[in-house]
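Each chain carries a letter (A, B, C and D) given by its place in the written order, and its residues are counted from 1.
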Amino acid sequence: MSALPLPAGDALLWRPEPYRIERVRRDLADTFSLDLVPAGGGAPLAFRPGQFNMLYAFGLGEVPISISGDAEAGGPLVHTIRAVGPVTEAMRGLRAGAVLGVRGPFGSHWPVVEAEGMDLVIIAGGVGLAPLRPAIYYALRHRRRFGRVCIFYGARTPDDLLYKAELKRWRGEFDLVVDVTVDRASHDWAGKVGVVTRLVEGGGYDPLHTVALVCGPEVMMRYAARALLARGVAREGIFLSLERNMKCAVGLCGHCQLGPHFVCKDGPVFRLDQVERLLAVDEL
Amino acid sequence: MNTRSARNAQAPRRPRLAVWKFASCDGCQLSLLDCEDELLAVAEAVELAYFPEATSTVLPGPYDISLVEGSITTPHDRERIQQVRRQSKRLVTIGACATSGGIQALRNGRDVTEFARIVYARPEYIDTLATSTPIAAHVRVDHELRGCPIDKGQLLATLAALLHGRRPPLPSHSVCEACKRAGHVCVMVAHGTPCLGPVTQTGCGALCPGCARGCYGCFGPKETPNTAALSAHLAALGMDDAARRRLYQTFNAGAEAFRKAGDA
Amino acid sequence: MKRLTLDGLEALFAALRGQGFELIGPQLRDAALVLGPLEHAAELPVGWTDTAQDGGRYRLARRPDRAHFGYVVGPQSWKRYLFPPEEVLFRARRSGEGFALDPAEPPPRRAFIGVRACDLAAIQVQDRIFVHDPGYQARRAAAFIVAVNCTEAGGTCFCVSQDTGPQARGGFDLALTELCTDARHAFVAEAGSAAGAALLDALPGEAADAADLAAARDAIAHAAAHMGRRLDNAGLAEALRARLEHPHWQQVAERCLSCGNCTMVCPTCFCANVEDRASLDGDSAERVRSWDSCFNLEHSYIVGGNVRSSGAARYRQWLTHKLAHWHDQFGVSGCTGCGRCITWCPVGIDITAEAAALRAG
Amino acid sequence: MTTSRTRVIEVDTLARVEGEGALTLRVRGEQLLGVEFRIFEPPRFFEAFLRGRDFREVPDITARICGICPIAYMMGASQALEDVCGVTVDGTLRVLRRLIYCGEWIESHVLHMFLLHLPDFLGVPDAVALAATHREAVTQALRVKKLGNEIMRAVGGREIHPVNLQLGGFYRAPERSRLAALLPEIAWSEAALRHLLDVLAALHFPAFEVDYEFMALRHPDEYAIDRGEQLVTSTGIAAPLSGYDALLTENHVRHSTALQSRRADTGTPVHLGPLARVNLNRAQLPAELQVLAEALGLPPDCRNPFKAILARGIEVLYALGEARRLIEAYREPATPAVTVEPRAGTGFGATEAPRGICYHRYAIDAGGQVLDAKIVAPTSVNQRQIEADLYRFAATRLALPDAELRHDCEQLIRNYDPCISCSTHFLDLRIEREPG
């Protein structure tokens, strides 16, 4: 009978809140974005760029999905999802009006506030652009607080490039470096071909005054980190967002451990020096 | 006939379920009829399009879900399974026969040449193959329900999952974990009774340890089974090579890990 | 401190029952001591002991006396009741386009009889893990803990190394030390909470005298002096962190069955699977949490592959988590020295031996 | 073969039988040229791979002959091997054996009566269609069937291929409370079944009688289920179990993968199963059930095979009552099994599977290794009788359109609840016996 006091709100720890899909966007053949608003009215929960939610498809399952919208716009919660398995497949089939469960927001965030005053380098691979978009929005909203802002984005093919319209718009901004590359070009692709880590060499940012935010497949992040370090960016200035199996998002299920870290609550965003050695160990 | 068309009319797009039988004892498909509480609900959720053990209705394919029982032991069945696959959107094998060749795979250890020679000397039996092989050795299989027989809870959960697009809950870890969750006392540690639980896939509900006997492996090998380590321990418990071979090679004699562990 | 007789013990059982608690305690089943509901003190494994434990081996034996707590720990721990093997986290029904959750059910009120110091420590470890888990906290708050100090040690015990026992140091409502000699059979009882004190006051018995206390001290010291195993913790966590790529992991993997028994019996292991289920018609659903194990391939599944596919990586995850990373995460060791993982490992893999081998290597 | 005047009626896959079989009738004009009841269950060679196994493993292996009546195979094998070793399982352990066998009878009979056979009588394809018009009856039948399974689970650990049976008894004796908990459901089932039997009694039974030679197991003190001491026939034969092989021989016919049995001396078929039992052992049924049988339309010496469904009903009612009596008498035994030490020799075992006598014979050596095994499934005995029935039955209805004739023949076959999956042994058995 010596239990610890239950912090307020914990009673809801496992219980998803119903959110209604207000709008569905078909981003790519297998990728879509959902705008979610609380089914019972009220304001969507507040979050910080880089955080994620657990999205629940009734009776089917719950999956961690990053929040890909603007943290300061106060609008619906936006999630960009790639259909890869049963739950995400089921979500792809949903239309506006359908209801999903939401638990969150969870996890650490991109250090966008801390990065103010510095150059900002954003490196994304594939659907990894989604968790970075809130950081981009922040940088655009507060453009004057940053030095150079570079967005390096790579995808497998031109058809796999996310947010094409926005990319185009961002590229039009005079004070933004937007560099896009694909692994395999199609015949009508006029842009770069090659791995995204190569872009790190360009961009004209000052490595000594740079914060880099990286999200993509784990190998890609390892190479990107190596390239950034090679250019002279400090370990403390490089941030990665990791993916591990997650069944709870609150450090209770044990699945997402990486050495001492719970990726769900200590991450998903880590500073490189926190995880560099761990990522180098096979099968950790 | 009237009733059937009435059923069709009220829910014209129910998924079609087919149940196929190859060499087997029928126990696994009987598991579906043993779902007494759920049988009528299942029959409402799906259209029983082909299930000779239960109905004389035969509706044409394609079938949304095919449950396949039994192993391939005849040339005719080797052809038939191809047809089944072609007609099936999801093919789910049910039971040890279908997933590893079953107990009849005990023939596989024989000298195949000798076996064949005798078979050819008896033309009326040319219909029998020298081996009993699992369905997956012949066609692509979407999901596997292990067990001799299958667990009807897993069967229902799998049907429900497939109907609603969930991943069928078919964990591949050891029987030991289920044994501990159930609160059974480990027969190997506490009684010195040989048990295949540590290398056998969960799903049965740890029935044998629940009856204070060792697991006899009817759910086949778990993921990455360390049979070498278990065999060393079985020897330490006093089991000789012949007994160990028989222990591994009974209901899933054709499963690679158990076959090797028995032969080792 | 009070001295209870056997009648006093029975009175304690009766009083707890009277307060509406379901009593859970050790009992004999299938040649082992397991936990389960009981009503009377006589249902305890009276006159039995299980101290003859070793790697992969557990055997019961008759004691020469009628001690009620003359054994150590069996395969099960109190985790079964606070963090049960399977638990429904919520039930939900489809309603309109959306869904509605059923209200949570109140937890059962249980009295745990015979909680050993190592298991008390384990409960405190899980208190830190499940600090925000509503189900755990509710069950924890509803539990009454009767600890029992160990007066003997088992062959795989090493609570002294882990500084968790053999004497219960707080976290209990009542703690008993059994004195069972030819001369007398008594239980020295100490209250550890207001509820425990109130209950103890109402029980028949006399104040424990100096001789009682000395006898209890000696008996516990006897246990402390006879630990079956030891683990040298000094610098161990650092050593393990530095040996993530040590060849010894592969050496263990050759013996390890990745059967997960160690994680199931461990009173602190908390890995869980969370699964959503739904009825055949899809109209009602539930979320179920069940014990999982880092020894399972699926444990580290992500789209595209399993992170820890080798047995070596899985054993490494377990051992380094227990003895190194747990400190980083929760400020304590993940191991309380109960010895269960050694005894109940079918092939007798010994955490103390493997840790020592890794440190030495 | 087919001439313009020859009709061939084929049923490619017989539905609602356990296992796979097929039927061919060749008809010319009003004349029946041939009947073939085929079993194309692929051979599985049980008797072959039993050789060399330890005798203790036999029951778990023979269970896999048939998922519909595993208890029959486990129990027959156990008794035959115990016979070799000079052990008889009695007292409480025998109670448990008879109890689990009652569970199998209840489950298997109810499955057949209501899910497989009744649809024939009512002209629907299956029990699901039946439920559309007779929902109440189908749900009640399912509930009784479930009870049968629960009895098997409580005693055996699981209903199909139970894990708790072994030579000498069980691995763990069930707790009395667990069995006692089944009593209310047994009472409910007895009452429900009486109503369901009324439904069956009102069915239309084709007028068809055959002068069968019935054969069943007989026990001196009780209606034989799990054990018997003699093989008896309606022609007055009474032989010990060891006389089985002299009584019946088997031969292989080209069109079937199952061996067919017939009387060794006369070459004539015998009829096994519920109708045979109710006729031969009727006196051992409680008087009340004898009266009820009569009232339902099942007189003594009934020779209409279509009324097997009524005989099953009477047997389910009997098995329910027996289960109740056994549970009431049950006290947890001191040990779950008696020790069975191997010794060299040959032993015999037979039980009354739901479909009739299931016969086992084993020879083992002094170390307990199986040297030889013979297992005869009831369906392989009945197979010849089924063909004979078909011949006579079809001959009288050749004027019917094909579809109707086919339906009627299928129904006739289903009278026997043929469990084809268990037709275990085959002519090329000898092939397997070659050293390999």
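Just a few scattered comments:
Here is the rule we use: a contact is a pair of C-beta atoms (placed from the backbone, for glycine too) under 8 Å apart; a residue touches a chain by one contact, two chains touch by 3 or more.
Which chain is which protein? Per UniProt: A = NAD(P)H-flavin reductase; B = Coenzyme F420-reducing hydrogenase gamma subunit; C = 4Fe-4S dicluster protein; D = Coenzyme F420-reducing hydrogenase alpha subunit.
This structure is a prediction, so every number in the text was calculated from the model and none was measured.
In terms of the stated touch criterion, the partners common to subunit A (NAD(P)H-flavin reductase) and subunit B are C, listed by label.
Chain pair with the larger contact count among A-C and B-D is B-D, by C-beta pairs in contact. Central chain assignment: B. Criterion: smallest distance from chain C-alpha mean to the mean of all protein C-alpha atoms. Each chain gets one centre point, the mean of its Cα atoms, and the points for subunit C (4Fe-4S dicluster protein) and subunit D are 51 Å apart. Inter-chain centre distance (subunit A (NAD(P)H-flavin reductase) to subunit C (4Fe-4S dicluster protein), centres taken as mean C-alpha positions): 40 Å. If you average the Cα atoms of subunit B and of subunit D, the two centres end up 24 Å apart. Chain geometry summary: the mean Cα position of subunit B and that of subunit C (4Fe-4S dicluster protein) are 37 Å apart. Residues of subunit B in contact with two or more other chains: 164, 166, 212.
Touching two or more other chains at once are residues 273, 275-279, 282, 309 of subunit C (4Fe-4S dicluster protein).
Of all residues in subunit A (NAD(P)H-flavin reductase), those that touch two or more other chains are 59-61, 85. Chains that are in contact with each other form these pairs: A-B, A-C, B-C, B-D.
Taken together, the subunit B residues at the contact with subunit C (4Fe-4S dicluster protein) in this complex read 38, 41-42, 45, 156-157, 159-160, 163-164, 166, 169, 171-174, 176-177, 180-192, 195, 197-199, 212, 223-226, 228-230, 232-233.
Residues of subunit C (4Fe-4S dicluster protein) touching subunit A (NAD(P)H-flavin reductase) in their complex: 89-90, 92, 94, 97-99, 101, 104, 127, 129-135, 137, 140-141, 143-145, 171, 173, 193, 195, 241, 244-245, 270-279, 282, 284-285, 287, 289, 292, 294, 299-303, 307-310, 312-313, 316-317, 320-321, 324-325, 328-329. Contacts from subunit D toward subunit B in the complex involve residues 13-20, 41-46, 48-49, 53-54, 57, 60-61, 64-68, 70, 107, 111, 115-116, 119, 124-129, 131-133, 138-139, 142-143, 145-146, 149, 157-161, 163-164, 166, 170-172, 254, 410, 419, 421-422, 426-428, 431-432, 434, 436. Interface of subunit B with subunit D (complex): residues 1, 3-4, 6-7, 21-28, 30-31, 33-34, 36-37, 39-40, 43, 48, 52-57, 70, 73-74, 77, 102-104, 106-107, 110-111, 114-115, 118-119, 122, 124-125, 128, 132, 148-149, 204, 207-208, 210-213, 216, 218, 243, 246, 250-251.
Within the complex formed with subunit B, the subunit A (NAD(P)H-flavin reductase) residues making contact are 59-61, 85-87, 89-90.
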